[in-house]
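What follows are several structures.
The following pair of complexes shares a single chain, chain A, combined with chain B in the former and chain C in the latter.
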Partner chain A sequence: MIAVLALAVGVVLGVLLDPTVPAALQPYLPIAVVAALDAVFGGVRARLDGIFDDKQFVISFISNVLVAALIVYLGDQLGVGGQLSTGVVVVLGVRIFGNVAAIRRRLFKA
Partner chain B sequence: MTDDHKPSGTGWPEPDAEPETERLGLEPEPAPEPEHDPEGETRRLSVPRGPEPDPEPEPESPAGDAAAVPDEERAESARPAAAKRRLSSAGVVIVVLLALLGFTLVVQVKSNSADSGLASARQEDLVRILSDLEAREERLRDEIADLEESQRQLTSGAEGRQAALDEATRRADELGVLAGTLAARGPGLTVRFQEGSERLKASAILDAVQELRGAGAEAMQIAGGDGTAVRVVASTWFLDSGGGIQVDGRKLSAPYTISVIGEPRTMETALQIPGGVVESVQNDNGTVIVQEQEVVDVSALRAPTSLQHARPTS
Partner chain C sequence: MSDDKNRVYAPDFLTELFRNPLDQGYADAAKHKALTGEPRGWRAASVRVVSALTLVAVGFLLVVAYKQTMADEPSRSQARAGLVDQIEQRQDATDDLQRAADGLRDEVARQRDAVLDDRAAALLRDQEAAAGLARVRGDGVEVRLDDAPDAVDAVTGAGKQDLGRVLDRDLQEVANALWSAGAEAISINDQRLTATSTIRAAGSAILVDFRPVNRPYVVRAIGPDDLEDSFEDSDTARLFRALVEDEGMSFSVRQVDDLTLPAASDPHLRFASPSPTATPTPRTTEGGK
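Up next is the complex of A and B:
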């Protein structure tokens, strides 16, 4: 509940403050968001399984974001930033789909 | 926090430690991160919740001591409060992280929809767009240069035409003054001839006119005693007739007044040289009154003559 509330507060803040993304963060922010989404879906699944753990969620959230950003940064340095970020998005997308499938099975038994 | 809440809620009747130990056995993120799980377990063992449950029993147990009977009720009312207090540091971090996630999500979406899609365009497309724009810019520059050139030409043409028109107008005015078709005004003299005992001859007036012309007179008219004025131009002729003279076919009678525009002093000197106009008129007992005027109006006009034979050669 509070988590959903926090998400909503963040959304509202983002809408109200309407900040611009600094150019330095431009390539990393989308990947970081996708990675964070992956962590969130993992957390939801874990909660539905009854095995949710704050600490692990926090760690996985932060490490997901950092690793995703790091991979994109490395890719940029190596000149394959676009491809690497695509790869990261694909991997994270697969994981998100897996988690969502698990959540769906648990919620709808199907 | 709520995440925290529910699983523990299912295990409420049991002491806090038990569900946790149960949970320890389970793996938080099943398939994708198996390597993390051992770490997760060790971490969970050292979770800050360890210390947290301690304060919980404390308020409960004194409460239980004070009033033994409503213990269960109190415990139940205390449990949600205790659960709230279990806002562990990790829970706070989760809240912050989720708020941050929502924030960045919205920011990213907005910034993405803000730029016109160029940021997400492929490099080849960007290069093509850029070269297109450059070609277009080149074309537009050429067009600007052409238009500026034609504007310059038109302006100079208009200026030239205007200048030519002004010049022609000025020249026509000058010629009109000389030909007597335009009235003129300027500094000059009025020369008044009064007859004495003898009649003034036309030749005397002609002499005066020639003298004035020689002294740079630019426009002249001669008026008779009755005020009739005749413009004096190159083809003007003078003839003795009856009691007066004829000028260009019009009869004038004494006294005659010549209004002349030109350099006043030069003309006056020319009239008064020894043996000149003034002296010869005076010899005939006439009088000549020369008056310098700041403004002389030569307003008598002469009908323009159209040339029959002569044609300009240029």
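Up next is the complex of A and C:
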């Protein structure tokens, strides 16, 4: 409940504050979003499994976003930014799919 | 976070990823909790607050990313559409002006013919035709050039270097070879060449007198009866036949009877100006390139 409220507060804040993203950070935004989604779905699944842990959730979110941004940054410096982004999206996408499938099985027993 | 020193990392990362997408950390934390019990007091509360803040950050991030994407997309496509519109408008305007200029030039020619006596008018027409300022008719040849079919692999986008493209230099060579084979009038895609015509490239487009011409390139020339033979014997034709074999370009030459080549657009004199007293110019030998 608190979690949903917090998420809603974040959305409202984003709408109200209407921040502009510095140009230097713009390439990392999409990857950061995918990493954040991975952390969120992981958290939801853990909650349904009854093993949710706040500390673990915070750390996984921060490290996911930072590592994803770092990989993309390194890739950009090495000239393989696009490919590495694809790699990050694939790995995180697989995890998101797996977690969503587990959530689905738990909720609908199917 | 785990004191389990013997944790075995699965050797096959992808298999593990597919089988168990949940962070190992959650299971470890649960195990830890089972041993020590739930954390209590300010510690548990602060961790919970940080967790809620993280969710706020996630929501914030989602909205920001969404807005960013929405803001980027229309401005990009709008700018593009606007530029395309502008280009089309200006091209239309240019065409209109060109038509107006052609009409006015015809008018001028008619009025001049009415004023001049027959001999002078005929002389003037001859010279205009030679200079490319009047439409001309006659027998000649037609040279067709086209790029090689795309050598680029459709799937991987990889391809050998694009050697089979017709370049501005190729058209220059063809035009020069035709001049030297005795052509008296040449047009490229219905753009008449004059003594001051330019054939150059801008990016990947070829411009003849600053107007773009597109493939296939049709070079028509009016000249003596042996124009086709002389041209076929030229180094340029040999070069292109080699290119057809090596790179797959297409190149064909054929004799055409009764060609009509259009007049070139008005010459733009930038530095010279006509002398006020018109002296009859002696008829010189054929004006070359």
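As a convention for this text, the second predicted complex is superposed on the first by the 110 of 110 C-alpha atoms of A that agree within 3 Å, B and C clash if a C-alpha of one lies under 4 Å from a C-alpha of the other, contacts with A are read in each partner's own complex, and residues count from 1 in each chain.
Please note the rule applied: a contact is a pair of C-beta atoms (placed from the backbone, for glycine too) under 8 Å apart; a residue touches a chain by one contact, two chains touch by 3 or more.
Everything numeric in this text was worked out from a predicted model, so none of it was measured.
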First, second, both or neither for A:Gly87, with chain B first and chain C second: neither
Which of chain B and chain C A:Val21 touches, first, second, both or neither: both
Chain B versus chain C as contact partner of A:Ala36, first or second or both or neither: both
First (chain B), second (chain C), both or neither touched by A:Phe97: second
Chain B versus chain C as contact partner of A:Leu13, first or second or both or neither: both
Partner chain in contact with A:Ile51 - chain B first, chain C second, else both or neither: both
Chain A residues contacted in one complex by chain B, in the other by chain C: 2-3, 6-11, 13-15, 18-19, 21, 26, 29-30, 32-33, 36, 40, 42, 45-46, 49-62, 95, 98-99, 102
Touching residues (chain side chain C, partner chain A) in the complex: 1, 17-18, 20-23, 25-27, 29-30, 33, 47-48, 50-65, 67-69
Contact footprint of chain B on chain A as seen in their complex: 1-4, 6-11, 13-15, 18-21, 26, 29-30, 32-33, 36-37, 40, 42-43, 45-47, 49-62, 95, 98-99, 102
Footprint of chain C on chain A - complex, ascending: 2-3, 5-15, 18-19, 21, 26, 29-30, 32-33, 36, 39-40, 42, 45-46, 49-62, 91, 94-99, 102
Of chain B, residues touching chain A in the complex: 1-7, 10, 23, 26-33, 36, 40, 43-44, 47, 88, 90-91, 93-108, 110-112, 119
